[in-house]
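The following pair of complexes shares a single chain, subunit A, combined with subunit B in the former and subunit C in the latter.
Entry: the complex of A and B
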């Protein structure tokens, strides 16, 4: 007997009360005022969307663009006595950070700003390359696996985000420190080291462990979108699995690679906590320098100029990258 | 020895048996279709021939060589996928040249051979375009060119026309067939479209829930279906079962639906249970009785005017449904729902087979009523 008949028979067995309740509810839901209210809500939907989008744009305008405009203006003003801002247009700040050796907190080593900017870009580059090398395989695996544990594994990738950043860096101090895990283990195999803390290695490895998910997730996303048919058709045409990867999967996952690289690069270059906690004085990055200039030297105009130069450099780098890879491809679709 | 031999092949995915003990062959240069409804295991069978899926049991031979355990990239197979699987990051020329590149053919020769094969599929001057810029039909040709350029042993196609609209599909049918003949390549073609399979194939293998129901020329499949499934899947037909009786020197089939048929000089003993398949387009319909043999009354439930043919959905006295189809029918006004009509069939057109089983025919009746 068909399922339909079975269901009809079931409903005949319903108690009188259930039938009454059913009729009551349909009656209520189909009543004129209820229907009209639903209709009105539906019509408002577009209005709601507009309001939501407008809120987002307004938020950006008030809290991002406006301060940015203020910083831009500040960068052309001057620091007066006792840290007050003198609203007097001049290029002196830019001149000093780009062309002059700056004296800051006792450093007198050439153009500190440019040195530190260069160091930040170098750290950003090292972090990006390392996360790419470490992140591609997990991203690829997550994108291709049919395992029912895939969502669990994805959860594990983002799990570290639940731990506050500062705790993760402190944990890294325990790993890299004088008495830390790495030193201890190296000691067992006979390699003596005084720990890696307050070095370049500590800053970059710290950044890598924190930023790895930002590389894994975009790669996972773009690998998952590659249709099996592409890889399979490559195989039927004579490509070994390795060749098929090189010819098909890798180029098709390029959008994920560039999205991940851009994200990690921007976050790494702008990082503040990693150099502050894991690096020594020689491992400072732009964010630390700007923060010191703002907070300790009270030279807001100079700090603003530093911020603007930093933004321009980063923006230029990304635009050049865009030329080579095509950002539309990365963020499109 | 056939060129492609699929022998007792079974494929299980966990608890699901997708393909169950399937055996069929394709001769050198032959066009064989795998035909069957959705989920019957066509794609799985094709993928096993390609080496993209390993059979749980059974063997596959190509050109006499056992390839069962060889991976796809070591079989010489050209495959056209349902959505073509043209690489979006490579130009048309690079796509078509891909199999040659994998075989170490130098770039200059590659370009030459790609141009030649594109010419042969009638798609010149697209070498440097991106496949995404091409129309569906053109992509189809590129996919074919890519599957043929390295002169593989076998061409496999999985519903390659299903992504095209109807008119283009029918044009491409002819075109695929022309290309297949011209390259003279053994082809195994998967489709769920009976017309497509019949129009293109030398032989058709009909699959039913993972089993091979029948393999034969389209004519044989249509005129002498060996199972009820084949009779019902290929075209429209009505199945009536009954008992064979000899009366007045004639061999009669007294069906359970109450209609008696005079059988042609058919096999089967008296008291045997037999089944007749009534092809919709072989049935005649008339408002009056003519007293001919194999004539029986029915009541019209609905008429369906389709232009080139008209379908009459009728019921017999016991409620069994019956489909009659008439070609180029114009006298529609003479037939209304509820009218009693007389349906006839030439004894020669009766497809008679052993009754597949009492239980099965009962469920079939239930389904058609529900």
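Entry: the complex of A and C
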């Protein structure tokens, strides 16, 4: 390669294909070495792509997918004496969590795992509906307000994310406990109560408060995108403000509603801390059962089977939901 | 939303409801701070007086201070690891074209969707069975996985708005690719990377659910200690410790933000 070609290749290395093509076109360069240089550049690009995007993918493959594949395998193995795992393929774990009923003091109490899974989905649903009803108002307000404090108000919605989750749940113990704020204030107005702690109400209240920002922010995003003119023209054409809301604002904020709802539902169903800190023994959710089986009974295969069934149920629900509304809204660009 | 109300009254109603919900979001945290100065053994409302007894109890407990230190080490480590991995993968996903990009990018969001109990259990089973010990590195690997989506999404958002003509200008003026990256690209995306790493730090610092499976007595973190205290004794030391943790995760970042004058946080909202 002549010195001129070398120089050209060096400058092209810095400025990309375009400069190359131009020089080729103007006849400054001969085709063959240029083609070779382009191929080298393309190889380099492919390598960089593989390294850059590959790093995140490889990380998730090793630290997320491989562990999940491992518990899938574990779920078909058995717990031997002293918690040792015996690598014998059988469906016993799935049978015991899906088919067997548990007897307690002669009472048939049904299948514990399925009951708790059902309870998790129920708490998830209650939390989602409540956060949607509560979260729409501030989402709408933030999307519509002209206040100069809007970014400060948005910051206040985001701020709780930075507070360790355990503190946010713990705070409700102080608020709802038997000498807590709620009881005291109710006492002032003459209502006696022993506090709401360790009840279903406490679990759902905690979940709603912790997950509310996940509902407010996507709704705010959707509402802020709505052009004022749409709403105004509906009103000009004779729609009452209420009708304008139903016919224009609400449908246009649906992407935010569905994004917020799916996110809140997924996070609520998988919650460990809300039932552990605010619920009683009867308010356990699937995460608590998995944790107990894994950490206290040391039955790793059974805990794995529970985790797998939970994942399958959850992802089936997400897929069904995804058929009706796109999930791109949640993680879209 | 009654049609009978004039527009301004309706807006007042919306504003009032929003205000109440802000109280609902933030008031419980103020209660923790308020009660932390309460001298009595049992948390009462309204407080019985003012004292720093429980802060003293926290600051003289080697066990609790050790847990705080462990949390700081793990959170700093995870923020750095997730920062590097998140930055590099965001560059790959935004600037390069390859097949199955959408599916593969949702892989990077998966840790946000799967319950931390499942991730905790799965990683424990996997890493202990390949022979890894439960040390700081174990915790940092686990936490980095949990927080990687947050770094990835913030850096990616910053890269989408990136004007590449600045990089081209640097290249044309004779800088090589590394120089261009360090002198042009990195400073421009620094706010996104900074915000993402801060979020990674804060989430790792407060993570409990998966962490409970990943610690051993020497590496117990602050949230684990709080959980143990809540479940066993409900001592008022929890309030003092919780307040100090909130100062670390909310107070210090906000203060730095204002003092450094960059207002990364205030503007990113």
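We adopt the following convention: the second predicted complex is superposed on the first by the 264 of 333 C-alpha atoms of A that agree within 3 Å, B and C clash if a C-alpha of one lies under 4 Å from a C-alpha of the other, contacts with A are read in each partner's own complex, and residues count from 1 in each chain.
Definition applied: a residue touches a chain if its C-beta (ideal position, glycine included) is under 8 Å from a C-beta of that chain, and two chains touch if they have at least 3 such contacts.
The structure displayed is predicted, hence computed values, not measured ones.
In the overlay built on the shared chain, the residue A:159 is in contact with subunit C alone; subunit B does not reach it. In the superposition on chain A, A:64 contacts subunit C only, with no contact to subunit B.
Of the two partners, subunit B and subunit C, it is C that touches more residues of subunit A.
When the two structures are aligned on the shared chain, A:304 is found in touch with subunit C, with no touch to subunit B. Of the two partner chains placed by superposition, only subunit B is touched by A:234; subunit C is not. Of the two partner chains, neither subunit B nor subunit C is touched by A:80. Shared-chain residue A:273: touches subunit C; no touch with subunit B. When the shared chain is aligned, subunit B comes close enough to touch A:247, but subunit C does not. Common to the subunit B and subunit C contact sets on subunit A are residues 240-241, 243. Residues of subunit C that touch subunit A in their complex: 1-3, 7, 10, 14-15, 17-18, 21-22, 24-29, 31-32, 35, 42-46, 85-86, 88-93, 95-98, 101, 104-111, 113-127, 129, 141-142, 144-145, 148, 152-153, 156, 160, 168, 171-172, 174, 176-177, 199, 202-203, 205-209, 212-213, 222-223, 226-227, 230, 234, 238-239, 242, 245-246, 249-250, 253, 265-267, 269. Residues of subunit B that touch subunit A in their complex: 50-52, 71-73, 75, 77-79, 81-83, 85, 87-89, 98-99, 102-103, 146, 150, 156, 366, 370.
Put simply, subunit A touches subunit B in their complex at residues 1-2, 4-5, 227, 229-230, 232-241, 243-244, 247-248, 251-252, 254. Of all the residues in subunit A, the ones that touch subunit C in their complex are 14-16, 45, 48-49, 51-57, 59-60, 63-68, 70-71, 74, 134-135, 137-138, 140-142, 145, 151-168, 170-175, 177, 179-181, 184, 209, 212-213, 240-243, 245, 266, 269-273, 276-277, 286-287, 290-291, 294-295, 300, 303-304, 307, 310-311, 318, 331, 333.
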